[in-house]
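Each of the two complexes below includes chain A, the first together with chain B, the second together with chain C.
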Partner chain A sequence: MSLLFSSLGVAFASTAKVSEIKLATDWPYPFHGNPFGAGAVGGAWWFAFEPFSYYIPQTGEYIPRLAESWKIEKGKVTITLRKNAKWSDGKQFTAQDVVSSIAFIQAMWQWPYEIETVKAINNNTVEFTLWKDAPQSFVHTILTDAAMGSLAPSHIYSKWLKQAQEVANLGKQIFYTQQAGKTVDDKTKKDYDSKSNALRKQINDFQPYKQLKKMVVVGSFEPTKISQSEMVLTLNKYYWNASKANIKRIVFRRWSSNEFVWASLISGEVDAAHPSMPKDVVDQLQLLNPKLKIKTVSDLSEIALVFNFKKDTFKDINLRKAIAFLVDKAKVRDVSVWQAFNADNYFTGILRSMESSWVTADTTKKMTQYKTNAKTAESILTKAGYTKKGNQWYYPNGKPVQFTLSVYGPHNDWVLAARELTQQLNNFGFKVEMKLIPEGMRDQVMKGGDYECAIEFGSAWWGYANPYTGYQRLYQADVANITGFPAKVKYDTPWGKLSPFDLTEELRDVANNQQKAIAVVQKLAYITNEYLPVVPLFEKILPIYYSESRITGWPSKTDAIWSLAPGGIERVYNYLITEGKLKSK
Partner chain B sequence: MKNKSGFFYNVIKPLTSNKKALIGLIITLFFILMATIGPLIIKLDMNSDFANRYQKPSLKHLFGTDYFGIDIFAQIVHGSRSVISLTLLASFFAVTIGTVIGILKGYLEGFLGKVVDAFITVFLVIPSFPALLILAAIFSNTKLNAVEVALIVATWLWAPLAKQVSAQVLSIKSKEFIESSKMLNMGLRYILFSDILPLIMPYIFVNFITQLKGAMEFTIGLMFLGLAKFDSTHWGIMLNYSLYQAGALYTPKGFHYPFFIILNIVLLIYGGILLAQGIEEVFNPKLRGHE
Partner chain C sequence: MKYILNKVVYLALVLLLALSGVFIMVNKMPGDPAYGLAVSISQQRNMEIDKALEIAHQMMGINPNESLITRYIRFTTNLLKGNFGYSTYYQASVNEIIAKALPWTLFVISLATFISFFVGIYLGAFSAQKRGKIIDIVISAVSSIIQAIPPFVLAVLILFVGAVQLKIIPLGGAYPIDVEPSFSINFIIKVLHHAIGPLLATAIPQIAAWTLAMRGNTSQVMEEDFIRFAQIRGLKDSTIANKYIKNNAMLPLVASLAITIGYMLGGHTLVEAIFNYPGIGFYFGKAIAFRDFGLLTGLFSLIVIGVIITTFIAELLYAMIDPRVRLK
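And now, the complex of A and B:
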């Protein structure tokens, strides 16, 4: 009899309800558990790997995570790691793990070469020395990027460490030489290529989840059961804050499509998600599931009309200005993302939600205000020698103003924006055709310059929420690369002739000093507004839907923690779970 | 005595006295009229009016308004032109290619027959979506006209028909009258196109109609791949907007939006199928029950 009861006890224990939260995401399948492999670890990223700290954009506060504290000096960052941090196999997390992770990301990703050296001072102290030209703002990346400390546990990746360090050192040597304007000799290049390829092959083939039967993590949750449709993460019992967590399991449903997530939210099949959702669907959703709440936060990015400056179509600023005046941005926003923030009437490169902190009233007085007005657009074009016959505008050389507006097909909200924009431009008298970029070909089309104008992200402040990030994107990096805007040209400004490229460099060096940064931002805001590298349409928002039917403890809508969501919403969930705030009913 | 020969007595009368053919003909003619003179009568205003989205069907908006607040009926009428022209052209090309190659495969023997068979098999097994992606990359900078788009669509539709036609030909070619033609040295072209083709014509026509659905789907695919000119009023694109972009099925307000689009697509295809079946019944002696 006692045997019978004890076996029943085991049965009951095994079926006891584990407190869990259900979310939606994507992951590679078959799951390999290798952060350097294809698709990495999908949505498990921010649960499996932990940064030294979380940065809260709304308050400017850094919340320590894997680090206990840190010291920032010129060109150097010293981090003291948590003494109670452990890997999910019980091994101690040490400074050597950070050294290992940096070597592997530099070798595998050719980034971040801004870190010249990383040294383990002792078991819990690690010292980063920055490259002499690294922007001071890179410190933020070290503190907040989850890849920095915990990607490659030294006790698992040690057999490749020497190889990785060698490749990373060669990569840095090549990078620094090129940055100094010197040529790298062929022998070094060949040496790098062969060593890098050899390492890459071995690391890409490594499948810890299959070969070691588990993926060792330092973060709060480790992947334990993965199928095509579901990924289960289980609480890492060695996690430094595990005792506080009330939720012991995360169940991810495959984010196969937005419609699937809508249906899952309506039925209560997932507890939180952030899909783009039309207004009427949201109304219906709240009617059917009143326990579902919505919080919207800025995505720290704007959706914009971008121009290809490598082609002649939009080289004339008068045409770009006319477009800036004629577009009814509110209408575009309504049909595209109804919850988004309207773009301002000034196109400064500063996000609308941040503008009051960065652009002074004195500067706005000097700038053109792009209030929707078709007559102003007509007058600009007429003055510039354009003519209109019937309902068609012609360039001063007599050619019709006609172009194609490209948009990435799988991004529903962008397609809706493009459709509206095409209609408005055609109504005005341009001949515009809309073209969809097929799934998976966005990079190829945009980077290859196979477009005339397109819907894309304009300014974005992901990572380091600072104007520098946005201007770097517009004039030196992502947007500059796809548009070819002549950023090194000096433009007329009230402060004399200035180049936005040089100003962005200047801003990089003072980004951490708000007063000095504001002075540079005024000039960049003026150039951006007057010379229009892009025409912003609206500031993107992240709508977060969370349900109180199974999970309690969600923060109030004004809580600053929500502003951590852009660029990795799982950080918000992770923080709330591991601080013991979220509980399952 | 009245002369009972001629087009009216041989074609029109039998067709109009067959119920299926008559209904199919009426539906098909309705859509052809919609595509030809509809856009001249019904005005289309594509300016969005978000505040008036999802208006219910009324006298002002026969099919209601869509997610953008635009009249659905007007869009259906204007979109019918590209839907019907593109799908008819694509189906026509697919059926022509499939028939010619199918008859050849069925008639030819030996090495040549094997080559044609392999050719058909290649097109049967190529997965169409990756192939379309490759085509999109090749033609990414080319503006294709309707005929070129229809030809691309037909490329992925003809092979199953060719296989079926070849099977039909195989069963026909051993008949006595074919043997007679051979003995009379009537020539390959005569045997293929005068002896065999008329016998499989009804079958081909039914296939032509059933290809419409596939052609419509492929056309939408090409628009989404950027190969065909993007047409917001194409029924397939309208359906895509309603289901995937606007989520009309997730709100009772928007139910009419996909409903009327689907209704028109189904009616067009159903009308075509009825007409095809009717024609087969009228002209295939085996199915002509009334004589």
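And now, the complex of A and C:
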């Protein structure tokens, strides 16, 4: 039987070999090739479309891609496009394509209205005029988001362009009116709804891959063959840097389960992937495939214990401080995600891997250091009027300290962290019960405030790797929305009474100026550490497994290019392929 | 004829009740299919979740204010026309999704059921006839152990041993991407080769289950008076085994066979995910994860209809084999 199957295996081996790399991802099926359609285009995104530049978080450097250069003035961004950039059907990529893309994303996604107008100055120059209240960080979005320039080739989408521009303009009008605190009249709303729905229907029904028999892309690779299990991308021969690419074909295996990806990595069927793996699987994996290397990069986020400030329990800073002292973070990390980076003993809101660039020693001297110490936790509680009878702590009002710790069930690593944390808190003398949030219900539970404390993302620098992004989450956006931390209140600091909300606003305006930003960050770091909107547990990492069995040229483990991976790992592969670094053996 | 007519009326009532149950169950499930999209919109644009949800509903064509009754009427009307609904996640008709995925699932589970039923029946009968002997003990013990292993664990084992270590089965997919689907021998062999993993993961626990069930039934039949009478009549052991014992012991398993097919239709999800096999299990997993109620209702309905109809066919077959059932 074994012999028969082995011989079949030999018979099935592919004959015509082109230099290819095998990766794992997901994509919509049936594949439509419509970036505005359901499920968009899956893992083909970063190969099919290209941003004006790549941003390397580790160095703060921008690498030009579709843009040759750019100029940023107050309220204006002027971009000079590559003259040799072409679509995969041979048509020139021009400023008009950028105008078209912006109109379509504004019309279809009701975003980014921060772009008030976009104008083609000439074939290769495009000028963005920003809305007066657009944050400075939005320039970063323009430069690095692949949606900004190449989603809707004007020669393909031109028949709907006028419609799209009309919808986009109405959308902007409504947005600006609402942002000014004014009411939008019903006629405008109705007009917008009917025009938007009509356009949406036509664009959603458009299936380039079926109707045009191809998906026209400006990026390095175009999808050419797709089944439910595999997707093949072929090098776009018109790509501006195609001559440098040694790899001509990308084969994506569908990421149907982590087990499938582990098996594919071990057997060399996939050359690179980033699944989460328990330690024993990694050990086994390296034993079976010694050519497999691992590089861990920060996923630009931290996992934290978040509190619901809408409930009375955690309004008391003493209880939060006691928890901060008694949690054994290293142990939580070990049982949850063993490869993750330890959280620091300072809870500054700055990711541990980035702390040295942003928080000065002068500031940390002023701050409480949360080294695990149950005795300190006990003393804080006792001083605050809490009492311990037997093995149970009681609030100053005599009620037992009891609460639930919610965690999203399908995230196994979070559940492990929650279990360990519950045990630690119970051992200390609190009465804590772990509560699982069912699949698909995480955001509803968290945003609905139906929890007391929970495991969640704390500070995260996704999209724009800058402290502003993290503080905005903590004090103005996602985390603030779920915790209800009183961010507008002014807190005592060595710099006087300050509100983290106002400081975040201040940071927004100076985010691109590191010197000025550092000064604001010190104050925010202090408030975050002393008033604990969340207690960080560990910094999440992205483990990248790459094999040298069939592919050579992987960068060294210290190469800053790896830090481009979080939020779009294909960008790293794309960069390495199109710069001619990766080669088939 | 009256028997069949009664059964058909009963079938229609059961279908109506079961499908209504499916509809209510899925529609009462917590979650909103647009929530995932809303969260990413809200994160990307720093927008309040309520506003983002409004946009997501609009983008996915969902009307959250539509009443349950209106949805139920549309659901039943659509089903009567053979329309299984619309997937909000894939923005595609559920029929289209079923048409693409169901053949792969049916191919594997029907093959697995066929093989496991006959192997299990043979092993169970054999084991019962060798009751108390070492071979019986081995068969029973191995079957009990295998039956206790969840199919997805077995799938992982088969994947790692068969595909990774021995490299005798493909890692995943239904056929290699470089091969064009056709009715050629080459393509059929490749399809069979790619089906080995999911087939084994599905069939092995079923073989164990059928073996144990058949062993129990056979042992019971062997105790019946008519078997003793046949022995006294001096009939050959092989005749008694094949004509009297096997047929009578197999009879109750025929009805279970139909239910097994239905159960396997729904329970195949994890096996398909592990083998990256393109069947309906894949879509089932996605439908649950993304709260795609349209797709979930459609797939559930398909499974319920499948189970009820196969059970109905089994009952008819049972009545044909055993006239006592008709008379009752």
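FYI, the second predicted complex is superposed on the first by the 570 of 585 C-alpha atoms of A that agree within 3 Å, B and C clash if a C-alpha of one lies under 4 Å from a C-alpha of the other, contacts with A are read in each partner's own complex, and residues count from 1 in each chain.
Everything below uses one rule, namely that a residue touches a chain if its C-beta (ideal position, glycine included) is under 8 Å from a C-beta of that chain, and two chains touch if they have at least 3 such contacts.
A quick note: this is a predicted structure, and the numbers were derived from the prediction, not measured.
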Discussion item. So in the superposed three-chain picture, is A:Asp280 touching just chain B, just chain C, both, or none of them (first/second/both/neither)?
Written reply: first
Practice prompt. Check whether A:Asn412 is in contact with chain B, with chain C, with both or with neither, and answer first, second, both or neither.
Written response: first
Discussion item. Quick check on the superposed pair: does A:Pro438 touch chain B, chain C, both, or neither? Answer first, second, both or neither.
Written reply: both
Practice prompt. State whether A:Pro396 touches chain B only (first), chain C only (second), both chains, or neither.
Written response: neither
Practice prompt. Determine, under the contact definition given at the top, whether A:Asp334 touches first (chain B), second (chain C), both, or neither.
Written response: first
Discussion item. Between chain B and chain C, whom does A:Asp478 touch in the aligned arrangement: first, second, both, or neither?
Written reply: second
Practice prompt. For A:Glu259, decide between first (touching chain B), second (touching chain C), both and neither.
Written response: both
Practice prompt. Between chain B and chain C, point out the one touching more chain A residues.
Written response: C
Worksheet item: Counting only touches as set out at the top, which of chain B and chain C does A:Pro494 meet: first, second, both, neither?
Response: neither
Worksheet item: Of all the chain A residues, which ones make contact with chain B and with chain C?
Response: 257, 259, 263, 266, 438, 440-441, 444
Worksheet item: Which bits of chain C are touching chain A when the two form their complex?
Response: 30-32, 35-36, 38-39, 41-46, 48-49, 55, 58-60, 89-92, 96, 100-101, 155-156, 159-160, 163-178, 189-190, 193, 196, 270, 272-278, 282, 288-291
Worksheet entry | chain A to chain C touching residues, read off their complex | 2, 5-6, 8-9, 12, 14, 28-30, 37-39, 108-112, 196-197, 200, 204, 225, 227-230, 232, 251, 253-254, 256-257, 259-260, 263-264, 266-267, 269, 288, 410, 438-441, 443-444, 447, 462-463, 472, 476-478, 481
Worksheet entry | chain A contact footprint on chain B (complex, rising order) | 46-48, 50, 53-54, 67-68, 133, 136-137, 140-141, 223-226, 229-230, 232, 241, 243-247, 250-254
Practice prompt. Enumerate the contact residues on chain A facing chain B in the complex.
Written response: 257-259, 262-263, 266, 277-278, 280-281, 283-285, 331, 334-335, 406, 409, 412, 415-416, 419-420, 423, 427, 433-438, 440-441, 444-445, 450
